[in-house]
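What follows is a set of structures for review.
Note that chain A is present in both complexes that follow, paired respectively with chain B and with chain C.
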Partner chain A sequence: MMAVSRRSVRRGAARQCACAPPSSAQGTSLVEAVVALLLGLFLIHLGYSVILGLRTASETVSDRLDVLTASRITRSVLRREMARGTAGRDWVAADDSLRLRAFRGTAIVCSLGPLPSELVVAYEGDRRPEPAKDSVEVVGADGSLLYVDLIGAGPTSTTCNGADSTEVVMAWRIDGPILDDVLVVRLFESGSYHFARSALRYRVGAGGRQPLTPEVWRDSETGFLIGDSAVGVQLMPRTTVGRPVSEFLAWDPP
Partner chain B sequence: MALLVLEMAVVGVLGTLVLANRTVRRAERLERATGRVEAVLDSLRRGASPGSTSVAFDDVRLEWSIDAEGRVDLSAVDENGGTLLRVRTRVPPR
Partner chain C sequence: MPRRVGTVVRLPRNDESGAVLAFAVLLSIAVLAVGHALLFASEGAYVTARAHAHIVEGDAAAEGALEEARRAGWTLWMDLIPVGGRRGDPPQLQDNTTTEVTWRRLSAEGWLVEAAATRTPRPPTVRRRLLWIYDPELRISELPAVVSLGPGAPTEILGSISGDTVALGVVDAPALGLLDLATMLSFAASLGPRGRPEPADVWGACDTAVMWNWGDPSSPSRPCSSYSPLKGRRGALEVDGGEGQVVLVVDGDVLLRAGTRVTGLLIASGRVDVLEGSSFQGRIVAFAGLGVEAGSSVVGSRDRAAAALRAVRDVLGGALPLHPALRLGPE
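After this line comes the complex of A and B, so read on.
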């Protein structure tokens, strides 16, 4: 009875040894699991941090590029428009707006047309004339200027001596008398540029203001700088990453 | 091994960010220099005397020389002495 009892105890002990590892091995496994868990969490945290940092940096770079783009468009558009006209006569700058005759092309007068108030011209410009919104500046031989509306523009069979391949020979009808000694006619549209709702906007006549740049400017600190002899523009980015920029635009003779 | 790959990826990403930031900063500086150069050339076209001049705008310095025939050689230089922009043109001599 005693022998049976010892054997069964030994078998039980053997079964116990086969099923469960020593107590020291159980502790090592738990520490490894905790370390692995912490390391995994750290890596996940690191991954999220990198992704968030990348996103922030990407947005910052994108904002700076938008500011650069808006600055370049503003400077090039305004300088070109103002250079085509004369300060005071063709454009007037105020705090946040610039009203101007926006010249879009020049035509050399070839001859008077068969109809009253019609001119045959050799025209070259940024776009084709649009009588619905365009006017013309008629320049006489003595330098006199006359501003009238353009009421018609179309092709003509009349030839124009001296016109080159970059010019289009057209018949223009204007709303007014034609000077006998007219030499040149400049096409323009009346418009205005505005710094409004964080962008530079252009308005033709009484139309809506169309944005020309990304909306990146701080309205309260962006506008034209009117000096004694020059006109510039101050551009203040809305984001904190950009620096204020002051640009020269045109001379403004007194 | 996996950690090594991850570290290399993080270093690569950070390096790309640094390069992108440097490129944008250089573009901003070039943009400012271009604006200043346009302004100076606009002034010179109103009539310029022969000679050499240098003007500093923030972190960009403009150096130009004009000869008797109105030929202009204009450079925009950054604070490290590197040339950002160089323009050769002609203006009406005074």
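After this line comes the complex of A and C, so read on.
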């Protein structure tokens, strides 16, 4: 008991000695605290800088991706639309707009229908015909072309020999006379493409302009390039990311 | 005692070293993650670019196959395909891309040609075009008369015009359907300004390289009896006697004289004069006028004209675009 008490006393003395910090120990803790604080601030700054850098890099890459995406969409959409028509007859380009017959499908004529101005066709296209907004280009066996409105389109029980599995056999009624030697009928809507409010936009008839690309272009310097025999496009990015592009779209013979 | 106290005080410093290590490990993991993110971003850009390149490749392959089919033009099997029927060419493999061309007959002269370029496992790229390949019988029957003239073209007929249809008619242009004069001339072998058609054979075979060899219609047993060429000239042409069977396309005036005997089809943008006992059997398009001297004759023959036109299908039968658009759609 006595021995235990002595050990306890010694431990207590030792603790007392440890709990009474020397003056030098106090100074070390302060320096350490300051260093730790500075180091912490530096690490926070470093981390913030890294995050900021990553965010900037991410935004740059994203902007560049938007510019590339917009360029690709612009090129592919405009080239496809213009190749489906003929310069002067099906499309006319101005500085910032392209008015066109936007062809949406092709129908092979199987036979004349039972009603006047009715055709039985095997149709394949980007979408189904909509008589409210669609017109048709009638192609004769001699290459003659006739443009009339589509006034009706619906299913038919008439069969069409030689139709593909991808084609839908339909009965179409058109607003005009039908030639005996009609071969093909092409479906189109009247529309226009515009470079406006930093994007390429499409407008069907008198509807609103719907954006097709991200808003990345500088309006004042983006538009169609009208040459003597060709039409191109100039694309100027709004930001410093990406480079200006001038590209060929279609031939436009005088 | 102070030593022991000092040792006890240093213990928290060992703990700080552990935190730095953990921080370093986390930082390494973060750097690795950022590196992988950049790698995936690059991979995404690469995949997008590759997909676009494949689209361009497929497009070029399909367009190339269509153009090749167009240039090949008429071939023998085409007459066997009924209107509404179709025929697929054997698939062609080139640079890991398979192209298949399908011909679909929409009318006597109208064809829908479809080319599909496939590079497995991707879906095929399809391009379609409307082409026109002339039908000889239909082209001749579309001519309104034995001699077809341009609107208001003068005629001087002292000889005879006879045959299987009306003597004179009017056409809008010196052409055969979509085959205009310039196109036909581009296919035709070029003639000099003046000459006499005579058959020519070498070692028992018809010598088709001779400019004025227009076949030998009056000698069925001779080597050139079935030879009937396509000849043309930019400028006036004078034929001095001789005989032959021909499709003759001239951007200028034509003079048949000195007893020339020719069968077939003659299309001229200028005036045609048949003089000095000459005769022509078949069909004539004389856009700027016609003169037939007394003792000379023009005999209308649909069969002779169609036969001459049929004989040059492998030369003149190149497919022409029936529709001006480069893409018919859908795609």
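By definition in this document, the second predicted complex is superposed on the first by the 225 of 254 C-alpha atoms of A that agree within 3 Å, B and C clash if a C-alpha of one lies under 4 Å from a C-alpha of the other, contacts with A are read in each partner's own complex, and residues count from 1 in each chain.
In this text, contacts are C-beta pairs under 8 Å (C-beta built on N, C-alpha and C of every residue); 3 or more make two chains touch, one makes a residue touch a chain.
No experiment lies behind these values; they were computed from the predicted model shown.
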item: Superposition on chain A - do chain B and chain C clash or fit; value: clash
item: First, second, both or neither for A:126, with chain B first and chain C second; value: second
item: Touching partner for A:248 - first (chain B), second (chain C), both, neither; value: first
item: Chain B versus chain C as contact partner of A:72, first or second or both or neither; value: both
item: Chain B versus chain C as contact partner of A:103, first or second or both or neither; value: second
item: First (chain B), second (chain C), both or neither touched by A:38; value: neither
item: Contacts of A:61 with chain B and chain C, given as first, second, both or neither; value: both
item: Chain touching more of chain A, residue-wise (chain B, chain C); value: C
item: First (chain B), second (chain C), both or neither touched by A:115; value: neither
item: Region of chain C that runs into chain B when the structures are aligned on their shared chain, from 1-9, 19-27 or 163-171; value: 19-27
item: Contact residues common to both interfaces of chain A (with chain B and with chain C); value: 43, 54, 61, 65, 72
item: In the complex with chain B, residue positions of chain A that touch it; value: 43, 46, 50, 53-54, 57, 61, 64-65, 68, 71-72, 75, 79, 245, 247-248, 250-251
item: Chain B to chain A touching residues, read off their complex; value: 6, 10, 13, 17, 20-21, 24, 27-28, 31-32, 35, 38-39, 42, 46
item: Chain C-facing residues of chain A, complex; value: 14, 17-18, 22, 25, 43, 54, 61, 65, 72, 80, 83-86, 89-90, 103-106, 108-109, 124-126, 139, 141-143, 161-162, 181, 183-184, 186
item: Footprint of chain A on chain C - complex, ascending; value: 1-2, 4-5, 8-9, 23, 34, 41, 45, 52, 84-86, 104, 106-110, 112, 128, 130, 132, 177-178, 322-331
